[in-house]
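Have a look at these structures, which come just after this line.
Okay, so subunit A shows up in both of these, paired with subunit B first and subunit C after.
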Partner chain A sequence: MTVDLGKVKTYGDTLNDGAMQVSFTLPVPAGDEAREAARQIALKMGLESPAVTEMADLGAGFTFFVLYGKCTHSVDFASIKIPKQQQKIMNFKEVNSLIKSELGRKVVVVAACTGSDAHTVGIDAIINMKGYRGEYGLERYPEIEAYNLGSQVPNAELLARAVELGADAILVSQVVTQKNIHLENLTELVELAEAEGLRDRVLLICGGPRISHELAIELGYDAGFGPGTLPNHVASFIAVELVRRNRP
Partner chain B sequence: MTSELFKLITATGLSSIAIVGMTKNVGKTVTFNYLVEAFEREAVNLGLISAGYDGERFDRLTLKDKPRIYAPKGALVATAKACFDAAEANLELLQRSTFSTPLGTVLLARVKQPGLVELAGPGSVFALGKLVDQMFDFGAGHVLVDGAINRLASASPLLADGIILASGASLGPTMDDVIRKTVYRCALFTIPAVEGDLATAARAGLEEGEAALLHRADCNFKIEPIKAKIPLLAGAQLVSRYRRETEALVFGGALVDRYLREVIELRPVPPTLIVKDATRLFISPELYYRFINQGGKIEALKSINLAAVTLNPTDPFGRGYDPQMFLVRMKEALSPCPVFDLVYEA
Partner chain C sequence: MANKLDLDRTKIDLSRKMAGKIADRLHAWIGDYTTTTTERAAARLLGIDGIDAAGVPLANVMVEKLQQAGLLERGLVPWLSRAVVAGGETPREIAQALADGKLQVQDVPDCPEEKWRATADGLAEKAAAQISAVRAERESRIAKAAPPSKPMLYVIVATGNVYEDAVQAKAAALQGADIVAVIRHTGQSLLDYVPYGPTSEGFGGTYATQENFRIVRAALDEAGEETGRYIRLVNYASGLCMPEISAMGAMERLDMMLNDAMYGILFRDINMRRTFVDQHFSRMINAFAGIIINTGEDNYLTTTDAFDKGYTVLASQFINEQLALRSGLKEEQIGLGHAFEINPAMEDGLLMEIAQAQLCRELFPKSPLKYMPPTKHVTGNIFKTYLINGMYNLVAVMTGQEIQLLGMLTEAIHTPFISDRYLSIDNAGYIFNNARHLGDELIYAPGGKVQTRAAYLLNEACNMLQEIEKIGLETAMERGMFADIKRTREGGKGGSGVVKKDSGYYNPFPGLFGAHALAAEGRLS
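Right after this comes the complex of A and B.
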C-alpha cells in the first residue's frame, strides 16, 4: 500500500476512497427538503454520493447536518513547498551562557502593549519572573535586564524610553484583528524607528495571537511570535541575533 | 502594447522604483507584477525585492488569495532563505547578504528557470538600499521594490529614485474618504525640497545635532544645533528655543503631531519646518492643513519623486466603486499626478 504523493486523496477506510465527513448548518427548518438541500450543497462541494447521517433541528428555522461523502479531488502533495523558519531554540541556561560568553554584557529588553491595546497576558507570560508553562520569564534571566512598560504605551514614548534604557530589543504585543488600526499601530513603531535612525540599532519583535513569521516580515519586524510561544523562544532569538550582529 | 505607466517610468529614467501602499489590499503586487511583465516584454534585466512579504499563497489575516509573483528568466531576486528553498522558479544563488528575516538570511539569486517566487525582504530601509545596490552591481537594469502593508518607509529617497503610490477602496468607508486620504498622502510626499543657503545651513545643523534652529543673521543663517539621544527627544527643545529671528526648525528624525501643534502656536506666521524627507512626517491632516493655511511651510532635504498613483476600486470584503467614476474623480483630485487603474484600463 503506497501513497501516490502526486495525487493525495482524503482517507476513510481504504486508500484513495476519498471519504470525508463534513458538518454545517442551513438557515432552513428541518425536514425532507432541508435534507435534500444539504445533499445538494455537498454535491456542489465536490463530494460524490453524499449521505446525510445526522440532521438536528436547531430551532428558529435552523438545521444542523453531518454528512459523509467521497471527495473527488486530489492534491499534488509532492509539489507543495512551504517556506519554513529554522530558529535555533535554546533553554534558559544555554541562552544565559551564550550571552555571557559571546556578548559579555547584559542584554536589555523593553516590552509593552502599544497603542490602544490593553491585552497584557501575552507580554506578561514572556516577561514576568514566574514565566509560563514551566519556562521562566525574561525577568528571571540573569543575563537579561527586562523592563515591562505595561499597556497602552504610545509608540513615540516607547521608543524614547527604549533609547533611555539602552534597549537591545523592543518587544511589542498586540491583538491584531482584521481591523487595520492594530496593524497600523504595529507598523507605526517600525516607521518611527526608521525615521529616528534607530531601525538598525535595535531588534524589533512583535507577538500576539494572530502574529506569524510572514506577518512579522510584512510589518517590518525582525521576528514575530504567535500562539504557543514560550519565553525561551523569544530569548533564544534575541541572543542568537545579537551575537550574529555583533560579529565583525 | 506598451502601457502608459510603463512609458512614463522609462521616460523619466527611473532605475529603482518602489511601489508604496496606502494600506493593505490596494493592489501593490498587482502594480508590481504589471511592471515586471512590461519590463520582461522589453527584455530588461530586472531586480525584484520586497520591503515586506509578497507572492504568498493567501493573506495571513483575511485568508483570501493574494497575487503570486512570477519571476522571469534572468531576473535577480532578493529573498529570505526559506523562500529561496521553496521557490517554484529555479534560482541560482549569487550571494548571501548579512541581513536576516524571520524566515532566514536574505539571499541574492538569479532566476535560471522562470516560475513563482515568494519575496521576503529585510525590515530596514538601510538593508533594502544595500540589496538594491547589490542587484545593480549584478547587472540589473531596473529594480522594483514591492512595498509592505501601509509602510511608507520604502518611499525613502535613500532606497528608490521614484515611487508609485497604490491606493484603493480598502482605505476607507467612502469614496470621498479614500480620495481625501490619498490626496493628503500625495501632498506630504510632494513637499518641496529646501533650497539655497537654507538647505546648506540645515544640513550643517544636522551634522552637529539631532535637530537644529536656523536663525536669520546678517546675510546668512546662524545655526543652533541640539544634541539628544534621538531626534524625537531634541524636538521639545526646538520649540522652546524658538526666537523672533528664527527662520526654520530642522528635525533630524520624525515630525510628530505634538511638535507641529506647538509650532502652530508660535506666532502668526510660524517658522519653516525642515525634515530629511517626507517619510519622516507623522502628522495628522487636521494639523497639517491648519499649519499650511496659516502660511506655514514644510520642506525636505531630499524630495520624493512620486511618479504615479495606481488604484484598486474594490476591497477584499467585496465593497467597491465603479472603476470609471473612481478613476475620473481620483484623476481630478490628484492632478497633475498621473493616475491609473491597471486592471480596468487593460
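Right after this comes the complex of A and C.
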C-alpha cells in the first residue's frame, strides 16, 4: 500500500476509497423528499454513492441526517506548507533559566479575555498559579511577572495597562466565536496597538479554542495557541522570542 | 430517602447549623441597605416599564433622579407614592413625566405618612395580586399537563436573536425538552440596567428583556399545548440586576431562574455587599412567584479541580440553601447546583461522580437538584463527548437528580446546533428510560469507594463550614476559599449602587411577600 502524497483521499478501509461520513440538518420536514434532498446535497459536495443511514425528525420542520459517501476530491499533501512556531518547547525550569541567563530581568506578561468575552477558562489555565494538566501557570514562574486582568476587558484598557506595567507580552484569550466576534476583537487590538506605536515593543499573542498559529499570524499577531496548549508552550515562545529580539 | 451512603447524621446537622450561622451573620446587616437595582425592581413591580427618548429604562431614570436628590435612602416607593397621591396618575405616567422633564423630584409635595403608606400598600397589593395570578396560571397549566418524568431534560438556546431562539426553543420542546433556558448575551451581567424590547443582536446569547421573555414564553406555551406538556422557561436573575430580572420573570411566567447568592461576586467580580443585598430581594420575588432557583456551584469545578475541591460545592450548597430559606424560598424551590466534571481519565472517576451526586441527593432530599454536564474535559472529539454525556446521564438517573442540563456533543466547539440538542435529548431519553429504576436496585458496599468518598466530602465540607462560621463569608471569599478566586470586601463592580437605608425607608414588597413567615416553615438553622 503506497499513499500517493500528491493525491490524498479520505480513507475508510481501503486506500483511495474516499469514504466519509457527514451529519447535517435541513430545514424541511422529514420524508422521502427530505432524504432525496440530503442525497443531492452530498452529491454536490463531491460525495459519490451517498447513503442516508439515519433520518430523524427534529420537529418544527427540521430533519437531521447521517450520511455516508465516497469523496471524489483529493488534495496535494506534498505541497502543503503551514507556518509553525520553530522554537522547541521548554519546561518550567528551562524557561526560567533562559530568561535569567539571557535577559537578566523579569519578563512582564499581561493577559485578558477581551471585549464582551466572559470565558476565562483558557486564560486561567495559562496564567493562574495552578496551571493546567500538571503544568504550572505563568504566575508560578519566578522569572515572569504575570497579570491576569480577567474577563470583559476592553482592548484600549488592556493596552493602557500593558503600557503602565511595562509589558513584554500581551496574551489575549477569545472563547466566544459566534458571528466571528473574536476576529473583530483581535483585529481591533492589533490596530489600536499600531495606532499607539506599541506594536513593535510588545509580543502580541492570542489563544482560544478556534485559534491557530496560522490564523494569528494572518491577523497580525506574533503567535497563536489553540486547544491543548499548556502554560509552558506559551512561556517557551515568549522567552525564546524575547531573547532572539534582544540579540544585537 | 434511604441512607445508602451511611452518612454521619451529626456531621450533616452540624454543617447545616454552621451554614445557618453564616447566613445569619450576613443577615445581621443585609437589612440595613438597599441598592439601585432593588429600588428599580420595586419600580418595575409597580408597572414602571419602558424607556426614555435616549433609551434609558424609566426605572433607571427615576432611581437616578431620586439618588441625585438624596432621597434614595428612603426608597423609591415613598416618593412615588406621594407623587401618586398628589397627581392621581399611575406610577408609569409619573415615571414618564419625570423622564420627559415635565415633573421634577422636588415638585412632589409631602403628605401625611398614613396617606402615602396606604397608597403604596394598595399599589403593592395590586402588583402582588398580578404575580399571584401568573403563578396560578402556571399551576393550572401544570395540573392539566402530563407530569414530566425525572430527571427533567433541560436544554439551552443561544442564538442571539430572540425570534430564532423562539424557533429553536419550540423545536427543542417538540423533541422532548422539559426545560428551555435562553442563554444571555455574554456581557449582560455587567450592565447596570435591563435592556428593553425585542432584541436580535447578541453574542453568546440573547439579551434578557421583558419582551424577549414574553416571546419565548409564547413559543413554549404553543409547544406545550401541541404535546400536552408544560415546558418550563429559564433565565438568569444574576449580575447587576438580579431583583429586576426576577420581577420581570415573575410577571412573564418564567419557571426557573439561575439565582446564586455568591456567583456574581466570584465569577463576575461584582461587589459583595451589592450582591448579598440584591440576592435577598431577588430571591424573595422568586419565592413569591413560585419560581425555582438554580444555584451555580458547578462553576467552582471549572476553575478548580472537581476531585480535589468537590467538598467546596457541598459547603456552598449548604450556604446557598440557608440564604435561600431566609428569603422565603421553600426547599422544593431551591435547585442546588453541582456538576459532573471529574477528569474522565481518572481511574474510578465514575465512582467519585456517583458518590458526589448521591451525597447531594441525601443531604438535600427535597431540593430539585440541578446537575450540570461535563464541559472542562471535553474536546472537539464529539464521539467521545457523546459517550461521556451518556455516563453523566447514567449517574443522574441512578442518583435521582431532577434538573438535568443536557451535555452537548459539540461543547467546546460552538453554541448548540439544532441537531446537537436533538442528539442530547435522544441520549438522555435512552438512558433515563433504559435505567429508570437502577438506583432502587443498588446499594453501595459498606466502607467501599463510594461510601468512603462521600464520608470524606461531607467531613471536609463540615470543616470548611466551621471555619467560615468563625471568619465570616466575606473573609472566606477574600481568602479564595471558593473556586480559588479571591475577592476583596470593598472591591468589585456595582458598589456605588449600595445605599444605606434611612430610618424612614419603606418598601412594601418584602412584608407582602411574607419572607419571614414562609422562612419559618422551612429548615432554618
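Everything below uses one rule, namely that the second predicted complex is superposed on the first by the 161 of 248 C-alpha atoms of A that agree within 3 Å, B and C clash if a C-alpha of one lies under 4 Å from a C-alpha of the other, contacts with A are read in each partner's own complex, and residues count from 1 in each chain.
The rule is short, and it goes like this: a contact is a pair of C-beta atoms (placed from the backbone, for glycine too) under 8 Å apart; a residue touches a chain by one contact, two chains touch by 3 or more.
The shown structure was predicted, so the numbers you read here are calculated from the model rather than taken from an experiment.
Asker: Examine A:N128 and indicate which partner it touches, taking first as subunit B and second as subunit C; both and neither are also allowed.
Answerer: second
Asker: Regarding the shared-chain residue A:I217, is it in contact with subunit B (first), subunit C (second), both, or neither?
Answerer: In the superposition, A:I217 contacts subunit B only.
Asker: Taking the superposition as given, does A:F92 touch the first partner, subunit B, the second, subunit C, both, or neither?
Answerer: neither
Asker: In the superposed model, does subunit B or subunit C contact more residues of subunit A?
Answerer: Between subunit B and subunit C, the winner on subunit A residue contacts is B.
Asker: Touch test for A:F24: subunit B only (first), subunit C only (second), both, or neither?
Answerer: A:F24 contacts subunit C only, not subunit B.
Asker: Between subunit B (first) and subunit C (second), which, if any, makes contact with A:A60: first, second, both or neither?
Answerer: The answer is second: A:A60 touches subunit C but not subunit B.
Asker: Should A:Y68 be classified as contacting the first partner (subunit B), the second (subunit C), both, or neither?
Answerer: neither
Asker: If you lay the two complexes on top of each other, which residues of subunit A touch subunit B in one and subunit C in the other?
Answerer: Touching subunit B and subunit C on subunit A: residues 176, 178.
Asker: Quick one: which bits of subunit A touch subunit C in the complex? Just the residue numbers, please.
Answerer: 23-25, 56, 58-60, 62, 64, 116-121, 124, 128, 130, 150, 152, 176-179, 181, 209, 227-228
Asker: Which residues of subunit B touch subunit A in their complex?
Answerer: Per the stated touch rule, the residues are 23-24, 51-53, 56, 60-62, 80, 82-83, 85-88, 100-104, 118, 120-121, 123-127, 148-153, 156, 229-233, 252-254, 256, 258, 279-280, 282.
Asker: Would you pull the subunit A residues touching subunit B in the complex into a rising list?
Answerer: It comes out as residues 81-86, 156, 159-160, 163-164, 176, 178, 180, 183-184, 187-188, 190-192, 194-200, 204, 210, 212-224, 241, 244.
Asker: Considering the complex alone, what residue numbers of subunit C touch subunit A?
Answerer: Where subunit C meets subunit A, its residues are 158, 160, 167, 170-171, 174-175, 185-187, 189-190, 203-204, 268-269, 302-304, 376, 379-380, 412-415, 417-419, 422-423, 426, 484.
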